[in-house]
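First the structure, in the form of structure tokens, and then the observations on it.
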Amino acid sequence: MEYVVEMRDIRKEFVGIVANDNITLTVRPGEIHALLGENGAGKSTLMSILFGLYQPDSGKIFIRGQEVKITNPNVANELGIGMVHQHFKLVHNFTVTENIILGLEPQRFGTVHTKAASARIRDLSRHYGLNVDPDAKIEDVSVGMQQRVEILKMLYRNAEVLIFDEPTAVLTPQEITELMKIMKNLVAEGKSIILITHKLKEIKAVADRCTVIRRGKYVGVVDVATTSEQKMAEMMVGRQVSFTVPKGEYRPGEVLLKVEDLTVLNHARLAALKEFSLSVHAGEIVGVAGVDGNGQTELVEAITGLRKAEAGHIWLDGQEITHLSVRQRIDAGLAHVPEDRQKRGLVLDYSLEDNIILEIYGRKPFAKRRLLNRPAIRQYAQEVMRHFDVRSAQGTVTAARSLSGGNQQKAIIGREISLNPRVLIAVQPTRGLDVGSIEYIHKRLVAQRDAGFAVLLVSLELDEILNLSDRIAVISHGELIGTVSAAETNEIKIGLMMAGVGKEGQEA
Amino acid sequence: MNFHKQKEVITLLATILLGLIAGALFMLFAGHDPLTGYKFLFRGGLMSLERVGNTLATATPLIFTGLSVAFAFKTGLFNIGAAGQMLFGGFCATAVGLTLPLDKPVLLLVMALVAMLAGALWAALPGWFKARFNVHEVVSTIMFNWIAYWLVYYFVPLYFKGSFETESRNIPLEASLRTPWLSQMFDGSYINIGLLLALAAVVLCAFLLQRTTLGFELKAVGFNRFAAEYAGIHAGRSIVVSMMLAGALAGLGGMTLYCGYATNIQIGILPSQGIDGIAVALLGANSPWGVLAAALFFGTLYSGKGFMNAMTSIPPEIADTIIATIIYFAATSVLIEKFLDRLWRKQQSKEGA
Amino acid sequence: GCSGKQDTKAPAAGNLMVGMVTDAGTIDDKSFNQGTWEGIVKAGKDFGFTPKYLRPNGTTEADYDKEIANLHDAGYSLIITPGFKFENSIFTAQEKYADTKFVLLDGVPHPGNDYSKVKVGPNTVSINFAEHEAGFVAGVAAALQIKTGEFGFIGGMEIPAVQRFNWGFQQGVAYANAKLGTKITLKAENVIYQGTFNDVAAGQQLAAQMYDKGVNVIFAAAGGVGVGVINEAVARTKAGHPVWVIGVDVDQYAQGYYDTDKTKSVILTSAVKCVDQASYDMVKNLKEGTFPGGKTLTFNAKNNGVGIPATNPNLKEDVISKVKEVFADIQNGKITVADKGDGLIR
Amino acid sequence: MWVILQQIAPYAVAYMIPLLVTALGGLYSERSGVVNIGLEGLMVVGSFAGALTIATLQGSMPSEALWLGLLAATVAGALFSLLHAFASISLNANQVISGTAINMIAGALTVFIARNLTGSGNIQVASFTRFSVPGLSDLPVVGKLFFTNTYPTTWLVLFILLISYYVLYKTVFGLRLRACGEHPHAADAAGINVYRIRYLAVAISGALSGLGGAIILTTYSGEFNGTVFGLGFLALAALIFGQWKPLGILGATAFFGFASTIANVAQATPVLAKIPGVILKVFPYVITLLVLVLFSRSSQPPRASGEPFEHGKR
């Protein structure tokens, strides 16, 4: 048996878009096979087909040489295929055991018999070094632990082929190293792994072969050991890529944003941000690096006024804004590109023009005596769209919902920068975007800095932070671990700090 | 008209048509002739000037409650408490009408203000509970319905007792929305200037939602509370404001019911127009003009069903059944839309070919 | 009971169009609406027409007006309306539809709240009932049957007809205690208006309270609330703790069966007002050309328009004959029953 | 006060039981992720089906008629709820709108049919006989409170409560159902047919609501007349008041039962008669609001409740 998984000429069309256009993927037994492609290239779709969540429009799938029809996840399970999804599929108020056995519950007299199951889970956990407590509730355990629960779910189902969809996006560099070790353990036990990731370094580190797809089309499969990162990136994007953005000289000016001893509570009313201090100067980009869920959201929400500051102060351009409303802060010169563009950034059911004036509809000339002035709104929206290259089907009256992700994000960035803010806070500004859009948005952020304004960049992508920032503040468990100059640090150092190790090397 | 607007209107008409067809089937099953039934149903609502006036009068409170529900819906709230708001608003208006010795125009103005305020108060509290404490408005407005019910139940006999324990005194002519000129225009119908208020409310609501910054804010909160908060719109305040406006509309509807359609307020009755308002809003696709059309349609059915019952042996509940079926079809209009989409695509590909 | 001369069958001829508009509540409320309707139905059988009833959408004047107009426009020539709530509607309708005859039960046509402007049009008959006399007789009958015990009263809403039942009942019990040697107590806390005509659960709960406190007989003049009272009495009697109910409006004996053969009932007697008789008579009069338009009629003991059913297995022979005497005394004026609550509990 | 409590307990329980079983129905539905605001209408359907069955059968088989009536109500409720299931599960319609439509259709259609069958909208039927549980009713304190004058349906519903607790928390079906209400995509990925579970849950909610309606009919009301007096909505409130938990619902409905009974009998109870009636009447509603205000912040409705689910969507 040469291949354990063979997907031949898989095609999958959604309304208006071909997500997979005759893609072929072959996985050998005992290998780690990487799947590489831009956002939206069709990786998740392909894996969902392999896992039985979608049915291909055409194409064939062979598992261990047998042609199969994977009509639903149960069939996939029976074939020994398991998947860790990009977004974990765990029920928050169930225990680890309950989550793992969901769908094939051991029964005794009609009741769920968890005892035997949790014993088995404990064994599996020990065998693969996963260190999972079967009786813990999901909502009480860390993200890394949740991922290991997902892995256990597959192992519990005796999966032979394990699919990981962007498993590292939510992990610290240390947790990533840990995960890679686990993966190696797994292939050593004879399992096969399909790994989706955007990070070429990770592919280099663990994968044996790599299949590259672009815009739904198969580009090729390469032997990882003999292919350079640059080469893989070019295959993925289809042209030369520059990993760096040209920046002007670093000439920091006065302090425009100052955060002092800020303490903020999260939903559970625990301190998610503890006595955090930071300042951002005119003409600089300060990056906030940290693992997801370490207080970044609370920091940004406190600065923008979406969340109450429990203690501490915030100044904007010399004016204390700690207790101002969101709107007052916007009027004082604060702009915010939110983390979740569909949840926070846009009213999807509003037209593009209404979204573009979402914060300033009350200002002249857009409103006079509380009546909206449509012509003025439309004209302004057209300008913003032209400036920021926002493309839509019906101009300014297009519903925001029908825009592509990149255009949605460009509209938001355009809206925010058009506010002429003194301070721009950008959170994950390029998440889910293709390389072209990323380049464009990075250029815009740098332009904002070069024009002498302050930019606070919060991102989970270390590369992005390292590329754009002048200084980097590292946050862990709601505390500032340290601030370093971007020029004088590297990924490893930052990664250590993200794990909570101070820049001087001691535990913080 | 673009395809989407067209689709909306066609869906609405198809929904009504399907409801009427379902009604016809029910009649057939029960052994009646649907054509005769419908003939008398519509004649009952429309065959004379007086009946048209009565239909309009029946529709008047429905326009208000429909607007109330639709308005709240636009801002993401489900106002199931229009009944309580209209009862409380109508009660307070009646109380003023029975108490203050003022000239008709002034008195009516004061009553209308009081009705709106009372209705607004009755909706503001659930709104505040929702905004501040995350209490689901469906439950809280139901509770407020019953509280209004019992307050009116005890206060009417206590302070405004009429000939009997069960109802208030009749309101004086000065406090009535009925006017001789309008009644005469419609041959002695009990149509009243509440209708004019309702029409004004439709226009105002449409204007408010489409043209004003307030409407912009309220709709933004309704569509996406998180984005609205992000943009500096005070979502909690918007929820309260929107509930208050919805309550004010219902309260005014209460005044048109108790001081226009009726002549006094009776205890022990939660006005059915509250729940009917939900149906009106749904059928009217939550747009003010849609609400107007739906309320007039329902008014016709309600006011015509008695005549149908008098002329045939078809039970009048068929009208309610038709309305209910229409609402179900409105809820499942996705099917109709999908069907229209398919038709449209077919046509396009034909044109393309 | 209602012992009018119903046996005179007129020849079926002409198409009489008789319609009724119901008051709040349904056509088979086992009391007012139903009684009226049964009279009309019986007349329909006797005189060969199909009657029609309409149920208004609500209980406002406008809702009543609408249904009256519907019957009129559909060609009905006699429209019967039960309940004081129709007073204003009939006041306007009798002028507006001069070609139509109206019968208003339990009320007099007048505008607004103004009882000084009562006007019974030439095409209208207004019929009132001496409910207090019915209540009186029922009270006496129950007292005589029980002899020693405790009574209670549960009314629906506090409207005049219900009040008169209550007042008459209290006078009847007092009369029996004073003149006929019974020992019946009627405590103030056991004279209650529940406040609705439809809250079955509340009726049952209130009755249970009273029975628990030692009340043996409850007079329920309360529509659906009374249904709850009867349900409770049936439940208790079935469980071996017999208690009694006095029915209202019509003979409610059949409502109170507690055995499977449907012969035994918790209904001790009923305070009857002959609405069926009234509606039947009016149709008959119209048919015979003797419609007493413009008149206000009173159905009372004297004309056998109120009373208790002639028979009820729960009443002993001697009780029945004694009640007959009392009834005769009311008829001949030896006993007068006040239709006011002065000096009584509530 | 104790005496009063003892006296009213059987009636408070009688009032509470239909609420309890209906709220339990709502629990299944909401725990599977479908908001069911149509409980009121489903109760009406149950009341109607029960009344029709009992009225037809009580002549020929008087002892079985009542139970068959309950059975018919359960089946009818389940069938009727499929309308809601179809709209909200298969078509992803707005669940609140669909539920409202259910309420309206039930109210209108049942009376329409009843009118066609009986000439009026009413159907009257016999009621269950009350009994005191032998032995238990002699127990001190609780004997008088809970084991005297009980309807057989009370024990049936308490049994359903026990079963529901067991089903929801101990069985495979319950685990899957709760997963569908919290994270349907997790259930989907685990190979569970979310649509089927939700359909079943809604059907159960219909069955139990129908049963609730029929219990009103066969205990204290004795007639079908097209309404259940708003108890369906109250059951919905009890579900939220009870924090989507079987025991919470038991507490909430017991509270409603006792509060409303006290308000009803206050007039006939000298101690209570001093309190203005209006205060007693609004008491349950005001308390419910207070409780909701106090606990809604921290309350945890099923996360996916009210959200349409589409297979495969992420």
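Per-chain numbering from 1; labels A, B, C and D assigned in written order.
Just so it is clear, a contact is a pair of C-beta atoms (placed from the backbone, for glycine too) under 8 Å apart; a residue touches a chain by one contact, two chains touch by 3 or more.
Heads up on the chains, UniProt names are A = Simple sugar transport system ATP-binding protein; B, D = Nucleoside ABC transporter membrane protein.
In this text, all values refer to a predicted model and were calculated from it rather than measured experimentally.
Colleague: When all chain pairs are ranked by how many C-beta pairs they have in contact, which pair ranks first?
Modeller: Chain pair with the maximum contact count: B-D.
Colleague: Which chain has its C-alpha centroid farthest away from the centroid of chain C?
Modeller: If we average the C-alpha coordinates per chain, A ends up farthest from chain C.
Colleague: Mind checking the centre-to-centre distance between chain B and chain D? Centres are C-alpha means, answer in whole Å.
Modeller: Centre-to-centre distance between chain B and chain D: 29 Å.
Colleague: Using Cα averages as centroids, what's the distance between chain A and chain D in whole Å?
Modeller: Using C-alpha averages as centres, the distance is 45 Å.
Colleague: At what distance in angstrom does the C-alpha mean of chain C lie from that of chain A?
Modeller: Computed from C-alpha means, the inter-chain centre distance equals 77 Å.
Colleague: Counting only Cα atoms for the centres, state how far chain B is from chain C in Å.
Modeller: A distance of 38 Å separates the two centres.
Colleague: Mark out which residues of chain B touch at least two other chains, giving numbers and ranges.
Modeller: Residue numbers touching two or more other chains: 153.
Colleague: Do you know which chain C residues sit against two or more other chains?
Modeller: Residue numbers touching two or more other chains: 195.
Colleague: What are the residue numbers in chain A that touch two or more other chains?
Modeller: Touching at least two other chains: none.
Colleague: Quick one: which chain pairs are touching?
Modeller: Final set of chain pairs in contact is A-B, A-D, B-C, B-D, C-D.
Colleague: Using the touch definition up top, name the residues of chain C that touch chain B in the complex.
Modeller: Going through chain C, the ones touching chain B are 19, 52, 54-62, 65-67, 69-71, 73-74, 76, 84, 88, 96, 112-113, 115, 157-160, 193, 195-196.
Colleague: With touch defined as at the start, can you tell me which chain C residues reach chain D in the complex?
Modeller: Within the complex, chain C contacts chain D at residues 26-28, 189-190, 192, 194-195, 199-202, 204-206, 208-210, 212-213, 227-228, 231, 234-235, 238-239, 260.
Colleague: Give every residue of chain D touching chain B within the complex, in rising order.
Modeller: My answer: residues 37, 83, 86-87, 91-94, 96-98, 100-105, 107-109, 111-113, 115-116, 121, 230, 233-234, 236-237, 240-241, 276-278, 281-282, 285-286, 288-289, 292-294, 296-297, 299.
Colleague: Under the definition above, what is the set of chain A residues touching chain B in their complex?
Modeller: 304-306, 325-330, 336, 338, 343-350, 354, 358-359, 361-362, 367, 370-372
Colleague: Residues of chain B touching chain C in their complex?
Modeller: 44, 50, 54, 57, 153, 157, 162-166, 169-170, 188, 190, 261-263, 266, 268-269, 271-272, 302-303, 306-307, 309-311, 316
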